[in-house]
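Order of writing sets the labels: A, B, C and D. Residues in every chain begin at 1.
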Amino acid sequence: MAINKTVKDADEAIRDVFPGATLLFGGFGLCGIPENCIAALVKKGVNQLTCISNNAGIDDFGIGLMLKKKQIKKMISSYVGENAEFERQLLSGELEVELIPQGTLATRCLAAGYGIPAVYLPAGVGTEVAEGKETRNFNGKNYLMEYAFEADFAIVKAWKGDTCGNLIYKETARNFNPVMAMAGKITIAEVEQLVPAGELNPDHIHTPGIYIKRIFQGSNYEKRIEKITVRKRNS
Amino acid sequence: MALTKEQIAQRIARELKNGYYVNLGIGIPTLVANYIPAGINVELQSENGLLGMGPFPFEGEEDADLINAGKQTVTTLPGSVFFDSAVSFGMIRAGRIDFTVLGAMEVSEKGDIANWKIPGKMVKGMGGAMDLVASAKNIIVAMQHTDPRGNSKLLSTCTLPLTGVGCVKKVVTDLGVFDIIEEGFCCIEYAQGVTIDEIKTKTAGRLTISADVKEMAI
Amino acid sequence: MALTKEQIAQRIARELKNGYYVNLGIGIPTLVANYIPAGINVELQSENGLLGMGPFPFEGEEDADLINAGKQTVTTLPGSVFFDSAVSFGMIRAGRIDFTVLGAMEVSEKGDIANWKIPGKMVKGMGGAMDLVASAKNIIVAMQHTDPRGNSKLLSTCTLPLTGVGCVKKVVTDLGVFDIIEEGFCCIEYAQGVTIDEIKTKTAGRLTISADVKEMAI
Amino acid sequence: MAINKTVKDADEAIRDVFPGATLLFGGFGLCGIPENCIAALVKKGVNQLTCISNNAGIDDFGIGLMLKKKQIKKMISSYVGENAEFERQLLSGELEVELIPQGTLATRCLAAGYGIPAVYLPAGVGTEVAEGKETRNFNGKNYLMEYAFEADFAIVKAWKGDTCGNLIYKETARNFNPVMAMAGKITIAEVEQLVPAGELNPDHIHTPGIYIKRIFQGSNYEKRIEKITVRKRNS
């Protein structure tokens, strides 16, 4: 019989996130980010966190809200160019930052999720990203050895989920969420729609519930758009 | 007359072949999508997890869950497919993208590229650029020939931190088209009204002029 | 009286805890599914790509696309999910399966297991067994205590090619339950009607008897 | 605009499979195997093949049909216990066999599909599978270095596909198909239903069309079941 993973809300879901924890956050820019959990983490005020996330939000939304409250000790990201508070903390030395290639970031999550301690990846060979890393040649091409991430928590957002933790993402809001969901020691999922086990088509599920420790239906999703680009209708 | 950004994009679009999967970087590369020649079917990949990227949505039809790697709202087309970031970079890494267009701050005569960091200034991060240059089989750089202060961006050796080593195959600038060969930059086309002398003056890296050099047809 | 296969399965089923994800090997392990205690919710994983495996289908409802790792027709349950083989072994390797039950030809006092090959006889292959024993955190072996010729299958050292090293935590045989500890096999339960002396006689590997040893309650 | 990958039939799809080629075959047992392509390969008679497939079919179905025609030089599989002709060829030395753990097989496909030349995996450490392989310790546990497969062709079977090669699998017929589809230099997909581009929900697609070189709608699927197991209805 299906195992029930539901919790009441974001506060309950993130209850044991402790100072100094390492967290994986799904999302690309502001798309597909766990808005409810971020708000709960801000409310809880837990700090000294290491956050692994492709981006760092913007000044007044996403992970930017946690930066503003100085909850983050270190960011591991691929692109952080949308955030003035981030820049201020980095230049003042308050914030530690490790920039890594986006595909390497995704694949280090993948490796963790698949129980693979290390893989060889080509991104960054011959650049400062390669410093301190083992370089190895396969078939005439150089690769860097990259380690699986070890994270205490993964916090992801999906479109639909069921009570046993199965998840379906919508469009490009999928991004890093599935690989991070597989990679956390404890994975917390917030969804726009929580349905009973059996309502999702088993062939359509992107993340099997086995990876999810807690799931809840979020509320008041803002889903802010960073760059609205449109075309005119030919009338 | 040096080329406009749109003309650079237009010239690059002529390199597209039928059936290509294409990744376009931010800036001039994005404009290439506007000049895909008639009869050429290509699919655009956006590395945040979309293959078959369509145009911007009509006003009022923006979907917060549907953006491109530049975080702009976009649309799908028939045949589009979504996937996660690991799959996305997996297809890049496995060489499934036929054609990649990137902007650059500097390119060296050996095909090195620098486009992610200016030490001392703010660092925004490399995003997916390092993955793309490490794996794409066919990388074209679209950029201005010189920086705003007139310094050549085609160098013997990059001065900025590298994004990738020996990976750029072709550079299209406002002045011309340059293959990167054993002997460095090889000018194969010049923009209308641009002289070979101007190109020589503005190219700091080793430059040869192709025996078949010709004026660019746009 | 030594246990029947069904009783071995029944005893192992008592180890299940609420919320466990469980992988059951072929043979006696499969029978464990029939004895899941009331009130205990577990989900069965089948390594060909199914989590939440249900019972056999009703006659006439077999679906060729829906089988388990033993190639038997099965069904789904509410909450079931399908995935590919790489994901399936990824979840095994990442330690997401809480409880794994396997058959064995031999188990050593150090927790080594041999269950895939008899040299000189036909080799069928290890299937997923090596992946399971290399990664599962909680491996229980279900097997007869002796082979058909009466030789002990609980040995000092396995004589057959190994499937995995130092991975078995507990063995349930027709004679009793054995933890594998620093000192080798530790008998913690004996089957009704089986004597400690019989267990000692039929165990070739190093054996200790727990101070708390008791008769098995089925 | 969508790129069209359709070909007429299996004969056209496998036209360039050459003697000595290395082929990946999707399927688990007889479930989800590319029946039409196997039949076409038997008809074509191309031989000296190296076949990477979890199983080797049975005597009169699946890859067993190619074994019977002695088209296979080497099998790389995890389990081959259902095939008497296989046994005969192996014992007589006609057939070369490499047995590897099932998860390692799947992950070596995954690595190829993700452009990762090598990964570290735990299966087989301390066993004869480890012979000749690099062993390396990560966090106190030993792993073997395993290489990505290099295969000339991957031949997969899906339930539905569209003209640009996007694939959706059904139930456990998914198995090795998606990772093999990503891993072949040339991937050929046969589907039960071929639909125009745009008819599949882009969120439901398991294999993006970019991996598929040729696709066709197969015919006369037998979908044989190896072990029919049923329960009686309580009447």
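The rule is simple: contacts are C-beta pairs under 8 Å (C-beta built on N, C-alpha and C of every residue); 3 or more make two chains touch, one makes a residue touch a chain.
Since the structure is predicted, the reported quantities are computational estimates derived from the model, not experimental observations.
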item: Partner chains that chain A and chain B have in common; value: D
item: Co-neighbours of chain C and chain B - touch as defined; value: A, D
item: Chain of greatest Cα-centre distance to chain B; value: C
item: Mean-CA-position distance for chain D and chain A (Å); value: 32
item: Length of the line joining the C-alpha centres of chain B and chain D, rounded to whole Å; value: 36
item: Whole-Å gap between the CA centroids of chain C and chain D; value: 28
item: Junction residues of chain D, two or more chains touched; value: 107, 110, 114-116, 121-122, 169-171, 174, 202-203
item: Chain B, residues touching no fewer than two other chains; value: 76, 82-83, 86, 89-90, 92-93, 135
item: Every chain pair meeting the contact rule; value: A-B, A-C, A-D, B-D, C-D
item: Touching residues on chain B, where the partner in the complex is chain D; value: 18-19, 21, 41-43, 45, 51-52, 76-83, 86-87, 89-96, 135
item: Residue ranges of chain D touching chain B (in the complex, touch as defined); value: 1-4, 112-116, 162-164, 166, 182, 196-198, 200, 202-203, 205, 208-211
item: Of all residues in chain D, those that touch chain C in their complex; value: 28-32, 54, 77-81, 87, 90, 97, 99-107, 109-110, 121-129, 159, 169-179, 206, 223-233
item: Chain A partner contacts - residues on chain B that touch it in the complex; value: 46-50, 55-74, 76, 82-86, 88-90, 92-93, 112, 122-131, 134-135, 161-166
item: Parts of chain D lying in touch with chain A, wherever the complex brings them together; value: 107, 110-111, 114-122, 138-139, 141, 143, 147, 168-171, 174, 202-204
